[in-house]
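I am attaching a structure below and will ask some questions about it afterwards.
For clarity, chains are labelled A, B, C, D and E in written order, and residue numbers in each chain start from 1.
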Amino acid sequence: MAILSIENVDKRFLKGKESLNVLTNINFTIEEQEIVSIIGPSGCGKSTLLRILAGLDQDYTGKINFDGKPISEPGKGKGVIFQEHRLFPWLTVEDNICANLNKRDEDVQQRLKEVIELVKLTGFEKSYPKELSGGMSQRVSIARALMRNPDILLLDEPFGALDAFTRKHMQDSLLDIFNNRKMTIILITHDVEEAVYLANRIIIMDSRPGTIKEIVSIPLQYPRNVVSDEFLSHRNKALTILDYT
Amino acid sequence: MAILSIENVDKRFLKGKESLNVLTNINFTIEEQEIVSIIGPSGCGKSTLLRILAGLDQDYTGKINFDGKPISEPGKGKGVIFQEHRLFPWLTVEDNICANLNKRDEDVQQRLKEVIELVKLTGFEKSYPKELSGGMSQRVSIARALMRNPDILLLDEPFGALDAFTRKHMQDSLLDIFNNRKMTIILITHDVEEAVYLANRIIIMDSRPGTIKEIVSIPLQYPRNVVSDEFLSHRNKALTILDYT
Amino acid sequence: KSKDSEKVVTIGSQKAVTPYYLAKEKKWFEEEFDKLGVKVNWVEVQGGAPQFEAVSAGRIDFFVTGNTPPIAAQNAGIPFNIIGVASTGQKNVGIVVKSDSAIKEISDLKGKKIAVAKATAAYDNLLRLLNHGGVNASDIEPINLQPNEAKAAYTGGSVDAWVVTEPFLSQTIVNDKSRVIADGSTIDYTSPAYYIGRKEVVDKHPEYAKAFLTVIKKATDWQAENLDEATSIYTSQLGMNTEVVSKVIEHVNFTLAPLDDKLQKTQQGVAQFLYEQKAIDKVPDTKQITNNQYVNEVLK
Amino acid sequence: MNKKYIVGSILPLLLIAIWQLVSYFEVLPVQMLPSPIDIVEAFVNLVKSGTLQENLYTSLIRAAVGFFIGSASGILLGLIVGNSRFMEFLVDPSVQLFRMIPHLAILPLLILWFGFGEPSKIIIVASGAFFPVYINTFLGIRSVDYKLIEVSKVLEFSRSKQITKVVLPAAMPNILLGIRMSMGTAWLSLIVAELMGATTGVGYMISNAREFSQTDVVFVGIIIFACVGKITDSFVHILEKRLLRWRDSYQGVNAK
Amino acid sequence: MNKKYIVGSILPLLLIAIWQLVSYFEVLPVQMLPSPIDIVEAFVNLVKSGTLQENLYTSLIRAAVGFFIGSASGILLGLIVGNSRFMEFLVDPSVQLFRMIPHLAILPLLILWFGFGEPSKIIIVASGAFFPVYINTFLGIRSVDYKLIEVSKVLEFSRSKQITKVVLPAAMPNILLGIRMSMGTAWLSLIVAELMGATTGVGYMISNAREFSQTDVVFVGIIIFACVGKITDSFVHILEKRLLRWRDSYQGVNAK
């Protein structure tokens, strides 16, 4: 069943007196318990699209249905990771992660511990954001989204600031969570390999204005072998569509 | 000739009452007109090291010589790109890029045009930072550093928010500039491939506390062929040292 | 000659019902001082204390004020002289109540709230009147308010009576139909106003003091002879009601006179009173600052 | 935009309506609270006779000059103190001490030193204007994101350029706020300033009318005070919106 | 830290020294400017007689109560108006109008409505405290980075939690600044408040001493005003530093 259906979405920004057409004619659906990756050149409108799906931007034309209803506001069960980390600077790492939860709740404490271990930030629970490295901040924002146990995760380049090792760890953890929790994930990434490694489908976008170029299915079993021939052929297909070889 | 020599650098942060040992026993030299890449796990102290080299943090022990003199303050001829974009929110794209230059100067205008074309931001000269996408902001900050025509460039994950295509373009442009201008470049990256593609040497760091694990030379000719056997063998070597296969 | 023309005398102007104001309007001071080759500079300073502050700052030379401010100023060592008495009326300070008030006489004030500015002529009169009416000072509740605020408290009904000086007294009589239950005349007690000269000027330029008082004399006489015209000047210039102006003139009894022995005694008594009220920390000899020489010369 | 002004006048109009009713039924003594109509009448008379214009003109000049001097020196000192910890230690405690000195109490000293003329009045107004701008500029500067200061360092901004191009724009929201606050205090200081040997000015007009119990004139003065103050405040508010359009900030629930 | 206090006392001590010299050589009339030693003497006498303590105590209570009421309602209204554009349109213009009304001019009305007792005095102090906090809270809220508001939306903060956990902390620097400013204005309002039927209080002490040309007492009052004001201000300043330690902000050239 389609959890999200996007029809004819069109988005413009006012730029001085002119208007900048950022998204045109966006159509796709996302099934429940699917991982969909969005990939496309910088500035093509990925983040804008994600913000619309998150319900943060209602100033568009077209129709979006989420769970059968139009999206009116940032709704229940959604986890969002922004491209910038957007931590609350006045809260420590653990308070940021538990932002809307009761930290004294034992259950929450247990989950907090797990999530902090998952993002490998043990020992930095009491640090303020200004004392974190770029990658650490990003991991806090990942932890914050995971902590909510969402049904649908909207991720805007969540692993961009991580080294290859940590990144792989986070990718695998995400797949683990996906398997346990059966959620729906929409993931913006710049890394074609990451998209092919994680996604059921890849939405490849083009820019100025942002349109959907092609949607590629990746019908491979998890866990995927990044050096298998199938993997490489899918990767190369995506790269070709992206015009990048 | 070594333009930069780092001896026994040690850096601690106060964390409440304890002190956090972030860098220990850092020793290396950087030759003039060399591209050196720094790679290592998230939170290992790369950005901290770069800030010290840039002269922004003088609170360390050990000796650093830049051009024969100790670094006392952010000095002449250095271009720095921070991990976050750090644009001046009250300035438009072009004013950010020309921040310390006279925009009415014809020469500056000419260079501004070139640099904006290089980072593919033509048409967004008058935009404010809040109207830019993540990758676009990052490109503005690259343009701002290049605009200064520096002798030494200190880059902290400059291409982290860029898609593969734009990233490749920026990497090649950086090599072009390097060839024309004969500068020294220190580049922090998470992408081993990027490091091997660009650097003469790769400094591989380990974390907690941040130390240098190994320095790998990449004695390949530019432009490098990413699918050549030599390239792949160097890449694999780096990955092995990083403990990531 | 050119040096003379630079000489300036600073006179405190006052927008009030007083011949002093008439003289200002009619530019008589300018005329008189012009004869001496002196220019007149006006400053408007409200309130007794600020006037004396201006004296000690050397920023004012002649002005008129009430009977309590000079006592404190003398204690503070501010150099000035009382150079004449400006009024001798006894009805210029009174206790008023609203027309429908049950308070008829002084003895009714027992246990009442009375608005009065502490340690002023009004307070002085109040205590004397209470004494006269056989009321203990501790039997009333004095509320320390300056006239502007007191008026609000009185009109709003948060005090039962108000001890007040002119022009507020006549205003409230006319506008609020207030009833005077007692005033200075009840006990034959005068709270005069005084003309003040800065000591340095009076000593160095007696001719200024004489010129000043000459004009005052002229204005006081003129007002007495042209009461209607004077009244109409006040009403039109000050925006006060004719009835109020007439009442003020009647109550205050403007004159120009020397400080005679009786008044001197009264003034010393006021000083004693202020001391007893702990408003001042020593009793000055008020005679020391009195200088009747010029007023006597002018009146001759 | 129009809606904004209509909504904004609801409360004042309501107040006036209630006021008129209260006056009509003489709930409060007329001598204390004249009816709006009486006040309008007094206003018209004052305008006809030219008194109001003259007083307003004088007050505006005083306020403008005093405000200009006070706020300019406030910004300047705020900049100096904000940019240097040493200057902060040296100067700020004294400034904070002086901030707490009541105007009314030091009038005599001002008279002693500057006489009754315009200088004293302008000093009062200027010192009223000084403190809000100073403290807002100072704290605005101390709130500037250090990250941007670092950028200015690596871009080799000269110290003066660092201040004009980074510190000032970043502190601008607070500086403008300080200016708005100090326009208010400058304007209100006039009341005290014009107690001193003034014969014109709205402040004088009010005190004088109080002396003679001309309550309607007092109210004309108060309303003039409020309105002129509000109008100048709105100017800076508009300036604020223009100068700070680069910001992406919260505009209240459901505002975006 | 010690250095800080030493440096901070340089200017005040210098001022006192010059003052003493000026007095010694009688450059200015003693009646206007008593020497520091005279003032200390007057101070000692006032303390010995207990007058000062009593007056200070009364004033502190008044100031504290008034400040508390004024600043609490300022924060509250600032929050309401800051969080809603409609409330801004409705309420803010009126508040700005009232901000520009001079206290001194409305004393009679206050007395008429609230009498001359403590309520009137506290209202004056409270209204002095209200405006700086209100305007700073309002603009502090309107300066909150919208990005963080979005985060609170996706984290499904309830509206009240959004305000307490995001808007308030983010606006905290400005709110604290407003509190500092309003402590000053509240304290200074006492001078006017204690003109109304008071027989105690430092403000009364000053006006009364002025009335009787006791300049030394006036100066004791002024200095008490300045010092008490400065001390309370310092408290909030310290609070500021503690509450805002999460910030990474500019501390002046060469401060890091």
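One rule holds in what follows: contacts are C-beta pairs under 8 Å (C-beta built on N, C-alpha and C of every residue); 3 or more make two chains touch, one makes a residue touch a chain.
Values in this document were obtained by computation on a predicted structure and should not be read as measured data.
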Shortest contact path, subunit B to subunit D, counted in steps: 1
Touching both subunit A and subunit D (chains): B, E
By number of C-beta contact pairs, the top two chains: D-E
Farthest-lying chain, centroid of Cα atoms versus that of subunit A: C
Inter-chain centre distance, subunit C versus subunit E - centres from mean C-alpha coordinates, in Å: 38
Interchain centroid distance [CA atoms averaged], subunit A/subunit B, Å: 27
Separation of subunit B from subunit E, taking each centre as the mean of its C-alpha atoms, in whole Å: 49
Sites on subunit E at which at least two other chains make contact: 29, 32, 108-109, 112, 147, 210, 215, 247-248
Residue list for subunit B, restricted to those that touch at least two other chains: 84
Touching two or more other chains - residue numbers and ranges from subunit C: 53, 56-57, 148, 151-152, 155-156
In contact (per the touch rule at the top): chain pairs: A-B, A-E, B-D, C-D, C-E, D-E
Sites on subunit A touched by subunit E in the complex: 54-56, 73-76, 78-80, 82, 84, 86, 88-91, 99-100, 128-130, 144, 148
Complex contact set, residues of subunit B against subunit A: 13, 15-16, 39-43, 46-48, 83-84, 126-127, 131-136, 139, 156-157, 160-168, 190-192, 239, 242-244
List of subunit D residues in touch with subunit E within their complex: 3-4, 7-12, 15, 28-29, 32-33, 82-94, 96-106, 108-109, 112, 131-132, 135-136, 139, 141-147, 149, 159, 162, 167, 173-174, 177, 180-181, 184, 187-188, 191-192, 203, 206-207, 210, 215, 218, 221-222, 225-230, 233-234, 247-253, 255-256
Residues of subunit D defined as touching subunit C within the complex: 29, 31-32, 107-108, 111-112, 115-116, 195-199, 207-208, 210-214, 217
Touching residues on subunit C, where the partner in the complex is subunit D: 13, 15, 42-46, 50, 53-54, 56-57, 59, 148, 151-152, 155-156, 167-168, 171, 175-176, 238-240
